[in-house]
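Structures given as structure tokens follow.
Here come two complexes built around chain A, the first alongside chain B, the second alongside chain C.
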Partner chain A sequence: MGKVKILLITHHELSFAVKEYMSEFVDTRDVLYCLSIKDWQTKAQIKESIMNVVDDIEEWIILTDMKSSIATILSYEFALKNNVTLITGFNIPMIMELVKQIKYNETPIEEIIDKAIVSAKQGIEKITVK
Partner chain B sequence: MIRIVRVDDRLLHGTVAQSWVAYYHIDTIVVVNDAVYDDAFSRVTLNLAKPNDVILNFMKLEDFIAEISTYTNNPNSNSMVIIENFRDLKEIYTIIPNLRSINIGGQRLRYSSNENLRINSYITLSNEDVITCKEILDKGYLLEVRQIPADSSIYLEKDQLWEK
Partner chain C sequence: MSEILIVSHGPLASSMKKTLELIINDVAEVEVVSLNDGQSIEDFYKKLNKTINWESKEEVCVLVDIYNGSPCQSIINILRKSEKPYIIISGLSLPILIDVYMRRNEKISEIIDEVIIQGRESIVDVIKTLNQMKLSEYNE
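Now for the complex of A and B:
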């Protein structure tokens, strides 16, 4: 398998906004790719746009915002491929960890994903101030 | 009772699961679609969108027509019926008791053509759809264009609908 790459799929421009934000912290070039789902797109068109990015050469991690989103539903069949992992419910700490592990470490993909999910969960915390 | 009938080519997805279910306190979602009923993979993927504590049923069109009382006779249950297109809608809308308005959440056509009537970015009607919509309006039903409850309702009028 080739390099590990991330595809972020959301409605509207959220994925691109997240990438722009992430770029202030880590180098996302050649690692983080984005797709936005448009109101006018049919399911077939959305699948085509995913197919145009996710190849059979690299290891792909597809990230979606919500389990119930059309992005998750339509990405599900891509996750049947051996080189694709689908994770839903992304947050910033998760993506940060993924990018860092892919960019700066030679970590196996399963370990990368485990670490990212731990980071995602650790990123959610009620801050007690009183 | 059936609280909402929605036409949506994407069927069940986040918008429906997160907004309409909460708005109408839906406890049962019925996806009426022959192709989905016959395709286990499609059913698995649509189940991803099922909210917790909501029952999701898949039915063939003819079975839904035969068993509609399951959803209409229980006043303590709130059901949502989702269908993919106007061809299927035509078969069921007249048999649903107390239905006054049909929600159109999305009707995207794979190939654009000069023969299609574009209503907005997510609704484009074929000539066949236009004829069906006119029939529905003639029978006194409302056709509500509204993706989510927070949107304002826009109702299709006959003078907006013409065959090309």
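Now for the complex of A and C:
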């Protein structure tokens, strides 16, 4: 198995904002990669830009902002490969858990993904103040 | 009716709002306050205080990036001492923001459980979920 890497794909600059956010806490080089979908890009161009990042050697986790986004739809065919997992609806707790597991633990990919999804879901909560 | 405020470290909050604007044209009713690198907490408090519509009796729904962060703790400290009705949701994601925005004519505190369930359900391992669906269809 190769290294595990994360590719964030969003419209606008959201993916880069997330990377900038994460960089305030941890060195994300060699772990977190970003793609921003531009309005003028064709589907073929978007697919090509994904193809330029996602190789067949490393384990890739593609994160998109929501289920019905163009990023999710166009990432689907990449996720059919054995070395790519596609997760939608990312939030900061998910990405923090992913980066932590990839950088500091030698956790198997299936476990990394399960932990990240649990963290993401647990991170969504109503904050009650006593 | 709920007012919406996004609070986060760095450029995340403003970028979330810009992404919402790509999907829904006019999102002027969404306020954003970011704690930027090097900014003091005192300055951040001032920005939060200035942004919250204290004149209005409407509930403010605050979406924060993470529960334990300084932005979250700051907004809690401000709102808990006030009489402004509020609800705070952590784990900000685009599906949650869209859901809250589309339902802003309701009091978010009254539908909070639905919002949280929807937000959690929007987190999906796509291929795994599709395979589970195919398997359950096959078993039926």
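The rule is short, and it goes like this: the second predicted complex is superposed on the first by the 129 of 130 C-alpha atoms of A that agree within 3 Å, B and C clash if a C-alpha of one lies under 4 Å from a C-alpha of the other, contacts with A are read in each partner's own complex, and residues count from 1 in each chain.
Going forward, a contact is a pair of C-beta atoms (placed from the backbone, for glycine too) under 8 Å apart; a residue touches a chain by one contact, two chains touch by 3 or more.
All of these numbers come straight from a predicted model, not from anything done at the bench.
Participant: For the overlaid complexes, name the partner, chain B or chain C, with more touching residues on chain A.
Facilitator: Partner with more touched residues of chain A: C.
Participant: Does chain B (first) or chain C (second) touch A:Q41, or do both, or does neither?
Facilitator: The first partner, chain B, only.
Participant: Between chain B (first) and chain C (second), which, if any, makes contact with A:T28: first, second, both or neither?
Facilitator: neither
Participant: Check the residue A:I70 against both partner chains and state whether it touches chain B (first), chain C (second), both, or neither.
Facilitator: After superposition on chain A, A:I70 lies in contact with chain B alone.
Participant: Indicate the residue numbers of chain A shared between its chain B interface and its chain C interface, in ascending order.
Facilitator: Looking at chain A, the two contact sets intersect at 66-67, 72, 76.
Participant: For a test of understanding, state which residues of chain A touch chain B in their complex under the given definition.
Facilitator: 38-45, 66-70, 72-74, 76-77
Participant: Applying the document's contact rule, which stretches of chain A touch chain C when the two form their complex?
Facilitator: Those residues of chain A that touch chain C are 10-14, 16-18, 20-21, 24, 65-67, 72, 76, 79-80, 85-94, 96, 113, 117, 120-121, 123-127, 129.
Participant: Considering only the defined contacts, which chain B positions touch chain A in the complex?
Facilitator: Touching chain A from chain B are residues 9-10, 13-14, 17-18, 41, 44-46, 48-51, 106, 108-110, 121-122.
Participant: Quick check on the complex: what are the chain C residues that touch chain A?
Facilitator: Contact set of chain C toward chain A: 8-12, 14-16, 18-19, 22, 37, 64-67, 72, 76, 79-80, 87-96, 98, 112-113, 116, 119-120, 122-127.
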